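Notes for the one structure printed next.
Going by the order they are written in, the chains are A, B, C and D; count residues from 1 in each one.
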Amino acid sequence: MSDKNMHIIADFQIIPIGAGTSLSQHIAECEKILEKFELKIVLHTMGTNIEGEWNEVLAAVKQCHEEMHKKGVQRLMTSLKLSSRIDHQQ
Amino acid sequence: MSDKNMHIIADFQIIPIGAGTSLSQHIAECEKILEKFELKIVLHTMGTNIEGEWNEVLAAVKQCHEEMHKKGVQRLMTSLKLSSRIDHQQ
Amino acid sequence: MSDKNMHIIADFQIIPIGAGTSLSQHIAECEKILEKFELKIVLHTMGTNIEGEWNEVLAAVKQCHEEMHKKGVQRLMTSLKLSSRIDHQQ
Amino acid sequence: MSDKNMHIIADFQIIPIGAGTSLSQHIAECEKILEKFELKIVLHTMGTNIEGEWNEVLAAVKQCHEEMHKKGVQRLMTSLKLSSRIDHQQ
């Protein structure tokens, strides 16, 4: 992945599959991971808005997958929106 | 981003905003970028299925944003699904 | 569409394509439409959380498409998440 | 929901939550439901492309939720893209 900075706004939803119907504990663990990164984070009902550099955002999302698999979640489906613009600051 | 391998299946849709209603030319340019990476790629009506390693997939998606901005597209919105599993091979 | 009630939580993002890079005016018009329906609505950075009955939610989303096309937006891409559950109230 | 026709292309992905990690059986049941409607349907690796009238498409998606809940799936998360345009035929 290129080292170039690219400021993005993202919307991140991670769904553990086969880990029961209660997802809140998993989501909470994932939020703790996101907070370790240099990102602006705002939770909403169906996901998390993330603002920061592309590489930092995607490193955080990858770590969520890695940690949740480590804790035994067999299957994960992430839905991610990534918005970038060059006309003016987001 | 961690160097660890993580095999994923992705679904990638990129939407140029403010670049007219005809998106096919932009999508074609993006496909050419994806083909340079070590990825398995299959187009469908509303996006592209991508199979490969996490870092490779996300490097390809980032390069699409970089190249399209270079060509003058002011704003981009990507919708990305990322599926990973550890119970068996996808 | 069946008349049966189904309570859902939705996440709705509508993107006008070919209507310039500034989307805020279009989004504001769409919010006004949503407010006419019997729905619980909360905006976030990249979309709108909507809570209500399936038919009501989808009627609202359809009206957004209809009204924005009437106002001249040539092309629209909606991204919609729909969550339903029967284990307990959402 | 208005009775007006609106031709759309959709991308539909339904995820049963808490129903194990193997989703193929559920997806197959859902495909059978979609086939009963007057829709053009093409499966891909991470979802189903659907072409048809707005009301018909959304009736089909609702019936998938209804039938899967009837069969005991406690929680469902659908990801749906809806594309409409008035500049020319899709």
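Rule of thumb we're sticking to: contacts are C-beta pairs under 8 Å (C-beta built on N, C-alpha and C of every residue); 3 or more make two chains touch, one makes a residue touch a chain.
This is a predicted model, so every value here is computed, not measured.
J.: State the pair with the higher C-beta contact count; candidates are B-C and C-D.
T.: C-D
J.: Is the contact between subunit A and subunit C built from the same residue numbers on each copy (over half shared) or from different ones (under half shared)?
T.: Same, since over half the interface numbering is common to both chains.
J.: As a quick test, compute the distance in whole Å between the mean CA positions of subunit B and subunit C.
T.: 26
J.: Can you check how far apart subunit C and subunit D are, centre to centre, with Cα atoms defining each centre and the answer in Å?
T.: Centres of subunit C and subunit D (C-alpha means) sit 17 Å apart.
J.: Of all the residues in subunit B, which ones touch at least 2 other chains?
T.: Those would be 18, 21, 74-75, 77, 79, 81, 83, 85, 87.
J.: Help me check something: in the complex, which residues belonging to subunit A touch subunit D?
T.: Touching subunit D: residues 15, 17-23, 74-75, 77, 79 of subunit A.
J.: Okay, in this complex, where on subunit A does subunit B touch?
T.: The contact residues of subunit A facing subunit B are 1-2, 4, 6, 18, 54-55, 58-59, 61-63, 65-66, 69, 74-87.
J.: Please give the residue numbers of subunit C that touch subunit A in the complex, ascending.
T.: 9-11, 13, 21, 42, 44-47, 49, 51, 79, 81, 83, 85, 87
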